[in-house]
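The same subunit A turns up in both complexes below, where it pairs with subunit B and then with subunit C.
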Partner chain A sequence: MRKFIGRFGKALAVGLISVWSLFPIAYVVLNAFKQHRDIFVFPPDVIFTPTFDNFISIAEVYPQFFGYMLNSLLISVSATLVCVVASALAGYVYSRFRGKALAASAFYLVAIRLLPPLVITIPLFPWVNILGLADTYWVLIALYAAFWLPLNVLIMKEFIDQIPRSLDESAIIDGASEWQLLRHIILPLSAQGMVACAVFVFVFSWNEYVYAFIFTIQNAKTTPLVLAEIMDSVTGTNYGVLFAAATIQLIPVVLLVLVLQRQLVAGLTAGAVKG
Partner chain B sequence: MTFMLAGPAVYVLWLSFTVSNFGQNPQFVGWQNYAAILTDRYFWTAAWNTFIVVNAVVYIELLLAVLVALVVASLKTGRMLMFAVVLVPYGISEVVGVLSWRFLADPSIGLITNTLALIGIDFNWTLNPEAALVLITTISIWHHLPFSFVIIYAAIISVPNELYEAARVDGATKWQEFWLITAPIIVPAALLAIIFRYVFAFRMFSEVWLVTQGGPIRLTEVLGTYLYRTGFRYSDFGGAAATGWLMVLGSLLLAAIYLRAIYRSAFRDA
Partner chain C sequence: MKKSIGLLALAASLSLSVFAVPASAQSINVLGHRVHQSVSTGESAGTTGGDVTETWRAENGDINWITADVTPIHDRLFREMTLDAGNIDLAFFLNRFVSPDVFELLEPLDGYQAESPIEAFDGLSQGMRDAMTYDGKLYGIPFRHATNALLYNSKILADQGIDSIPETFAELVDMAIAIHENDPEVYGFANHSGTSPTFILNLALAHGVQFLEPDYTLNADTPEFIETLETLKRLYDNGGLVQDYISGTLDTIIADMQNGRAALSLNPFGRVAVLNDAELSRFPGDIKAVAVPADPNGVTPAQTEVWYMVIPKNSTNKDLAWSLIRALSSPDATVREALNGNGPVRPAAYQDPRIVETNPAAEEEALSVESAKVAFPGFDQAARAQEILSEEADAMLLGRQTAAEAAANMQARISPLLPTN
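Right after this comes the complex of A and B.
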């Protein structure tokens, strides 16, 4: 009997945790497939006839949406490339070399993350304007890449630490240059780490709100920003369309996480060991 | 490197002593910005709200993280799946998270509001600032629980199983196992989670901005939105920079007890 209660309690806990974690998202996705009149029913119907009308209406009701999604995609992909290349190279340096300057710069990398993003925007804003970068892709690409650089460098260092040094040494003896060593040994063997880092930056850039809110006006606006604007102006019949747009915004993240699960767990573990 | 570290911080400090037009042509004004902020009653509302919300977020989230981590770590099957389930909110944009919760708690049609109404609770965050702060706290916890969870979970699963087996052989009860083995392992991880969450929760902006924009009549303002409004709406960059410095100091001050605990334990080990 006690065992039964224990098992029941655990199942209940698992159920509660799942509802807490998944329900708000499931609710958005479900409502995206509901007809307008079904969305507002209380208690909500579990069984309903799904419809794609909301998705079809996005282009009509919010014509700007897909253009801004393209912005998001370009910005996120560029930020990911910049950040992963930089983190891999820096991770290699931190893993293989020692020195006072290096230790100081590692400390700096971590310390700078403690400043709130909003506080960072204050000194950045005048400079972004002087350089004419406001409302361009460049400013967001640079910010997103820089924002994840510190953690990704640490993750890459963990991964490269695991590659035995004897491999480096034999490559050097065989006459490989440092660049060849990197290209043929270090980078391929730390590919799993790079994939994890790439997903972290991409998901962050794809979802980010604060920097985009401050540094873009019109041309470089990203999807979360547009969703927020729609959310504030939405009225009755367009709720379903808003849910459909939000659902589309979720798709790339869900796909990435499903496909790259294993690499992500490896990356998280490397990060957690450090943290 | 020191220049790079000090650069932005000193620049913000310098801006906080100036009056400028969006950061251009700064004129030195000394402590004037700080005086203006510290006598602004909206600043104190924002500071008080931040204090309440941040503390609620940090401690409720920690408690939930420990409970969830204990449950997930005790599962025999489907552990990886549950781990993934708990992490889901972290991959979701704040905007979509707020969108969902705002709709769930919509005063007239929301699922949560209607359910609460059935048991006689009136929850209207558009009119009632306290209700709005509760909603904001909930969204923040929902969104960041995975962060604390990963830290605590990693600590819990680092305990070798033999330790529990040995304890069982010695006749320890489940309760004793928890207090004597699991809890001491969780404490350092919890300290770390608390420090990080104090620092991160203090900069809270999007949850508040997307839910209430700090209204009604700036009653739900937090320091993040106060800084934004001062800098970008009232174009007072000096005031915003000063708020920024007060924010950083505030978060460090709140986390100070825990920072000291970590510092001391590191010192003892050394």
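Right after this comes the complex of A and C.
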């Protein structure tokens, strides 16, 4: 009986958390296929004839949406690559080397992360303009990569810490250089950590609004800015179009997480239990 | 090894494509709301004004429309104007964001007007031009107004046996309450509080007082404004006003009207289109607009907001910006923009046969524009002052204070924020 209650309790908890997490997503996706006039009907229509009108409207009213989506993709992928490579290298250094400068820089790495992003953003604005980086992909790639770098370095350090040093020593005895050790031993064994880091940066970059709003005008505009624009305080929001755009915006992230699910779960739970 | 090379190749190709941002030819950067773009270019389905910018673009180059919602537009503009050389050449600017500090960052336009005048300049609303004149200099050319009307659902009223709109505002308040008494599922007014409390401001005009006058005289503690707050409370307590008035947004107002949860709203004339859109509304064609019924003095208590075209002082393309302003401000352009859904800033436009033919409320709208007041003049702390107005009124609606206490608190809290000279 106690076993049954335990299982039931677990199932109930999982069910509640799933409903809690999935309801907003399901609401957005389902309503993307409804006419705007039917979205706020009370009681809501659970069974309805789906329409693609909202998706067609995006192409008509916001023809640049898909171009901006490509911007988002390029920026997110580039920021992810930059951040993961830098985090892995830095994580290796913090894991395998010691020194006062390193300790100080580790402290700085954490301290800088404590600052609210806006505090950094406002003084950056004139400098970005002086350097001619305003409204370019460069500025967002650099900011997104830098924003996640401190946390990802710590994550990668933890991963690399778990790789036995005896493997390093064996490789060096066998004549491997530092670079070969890193490429053939350390990085492959910490791949799950890199996947976890990559997902963090990609999802953040894909959905980020504030930096994109402040540092882009047109050329490097990303999709979250278009979503915000659809939430219109002059003519009112067309929620059908907004939900359709949000649904399209959701697809790459869902695909990424599904593809990397196994490595991601392993990466996130690795190191949770020691010994 | 192959994987590493593949990864590097992917990174390299992405980097190449990422940084190959195309440079644009001669063009002008225009910051505004999407609605400014659509009324200028005629891109909205069903509009008949056509592309007003076509000739200008053929002669002068491309227009890069940079669009965002209202607050982000001004946020971006203010930030850009602090740079030595900005990226914005021409911006659309809403009257409520005006302040003396902002004028310092804008280019005075009198010189341009003297050298290369706008056609029939005097035909632009004098009141609207005055609102953008500071220290004797003109800083903005009016482009679009959003003047409040009484919007009503004719089907709901007909179903309830109401066949005419009251002639006075006091009768309208009674009617709003009666609508809810007749059908508890339908409320009277769909309006909201929020950071731009236009409903209270319009309600105050309807009680014969302007909450804050253009010379910054604050009338919060006047008997008329206390009566305004009492009316607001009576509406709220008796279903004459939607119950999410305090937490609502423009979207909830629109949804309430489109779904028949409310029968009335004080909102701009231009909003009729979205409320009657068959794809968006459950009452297409049933939402009508008339001038707001008269105040105790027999005056139409209409409130308006005006969008201006401005040139930032740090624009690098000022002559081109002025030339576009001229193109968008001519009498013909004003009519064509109105046919695309704009609120025309030339009173004469309402007599144009093209407008009369397509806008059934043209006469009512002209009447409202004539008497409309900018309900909240701009100053540095205007946003904070409007927040205080909402906070105190909301607290009264929730029963935490009386109308007189709310009015006194507004007077005490807003007075120190006002310009002193």
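Going forward, the second predicted complex is superposed on the first by the 235 of 275 C-alpha atoms of A that agree within 3 Å, B and C clash if a C-alpha of one lies under 4 Å from a C-alpha of the other, contacts with A are read in each partner's own complex, and residues count from 1 in each chain.
What we mean here is this: contacts are C-beta pairs under 8 Å (C-beta built on N, C-alpha and C of every residue); 3 or more make two chains touch, one makes a residue touch a chain.
Source: prediction; values computed, not measured.
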Inquiry  = Quick check for you: in the superposed arrangement, does A:129 touch first (subunit B), second (subunit C), both or neither?
reply    = both
Request  = Could you look at A:40 and tell me whether it touches subunit B, subunit C, both or neither (first, second, both, neither)?
outcome  = both
Ask   = More subunit A residues touched by subunit B or by subunit C?
value = B
Ask   = Regarding the shared-chain residue A:161, is it in contact with subunit B (first), subunit C (second), both, or neither?
value = neither
Request  = Please work out whether A:228 is in contact with subunit B alone, subunit C alone, both, or neither, and reply first, second, both or neither.
outcome  = both
Ask   = Just subunit B (first), just subunit C (second), both, or neither: which does A:214 touch?
value = both
Ask   = For subunit A, which residues belong to both interfaces, subunit B and subunit C?
value = 40, 42, 125-126, 129, 213-214, 225, 228, 231, 239
Request  = Please name which positions on subunit A make contact with subunit C in the complex.
outcome  = 35-37, 40-42, 53, 60, 74-75, 77-78, 81, 125-126, 129, 134-138, 141, 183, 213-214, 217-220, 225, 228-229, 231-239
Ask   = Where on subunit C is subunit A touching in the complex?
value = 4, 7, 10-11, 14-15, 17-19, 21-22, 29, 33-35, 45, 64, 66-72, 76, 79, 82-83, 87, 146, 250-251, 254-255, 258-259, 270-271, 274, 279-282
Residues of subunit A defined as touching subunit B within the complex = 10, 13-14, 17-18, 20-22, 24-25, 27-28, 31, 40, 42-44, 101, 104-105, 108, 111-112, 114-123, 125-127, 129-130, 203, 206-210, 213-214, 223-225, 227-228, 231, 239, 242, 246, 249-250, 253-254, 257, 261, 265, 268-269, 272-273, 275
Note = Contacts from subunit B onto subunit A in the complex sit at residues 1-2, 4-5, 8-9, 11-12, 15, 20, 22-24, 67-68, 71-72, 74-75, 80, 82, 84-86, 88-89, 91-104, 109, 111, 114, 142, 150-151, 154, 192, 199, 202-203, 205-206, 209-210, 224, 227-228, 231-232, 237, 240-241, 244-245, 247-248
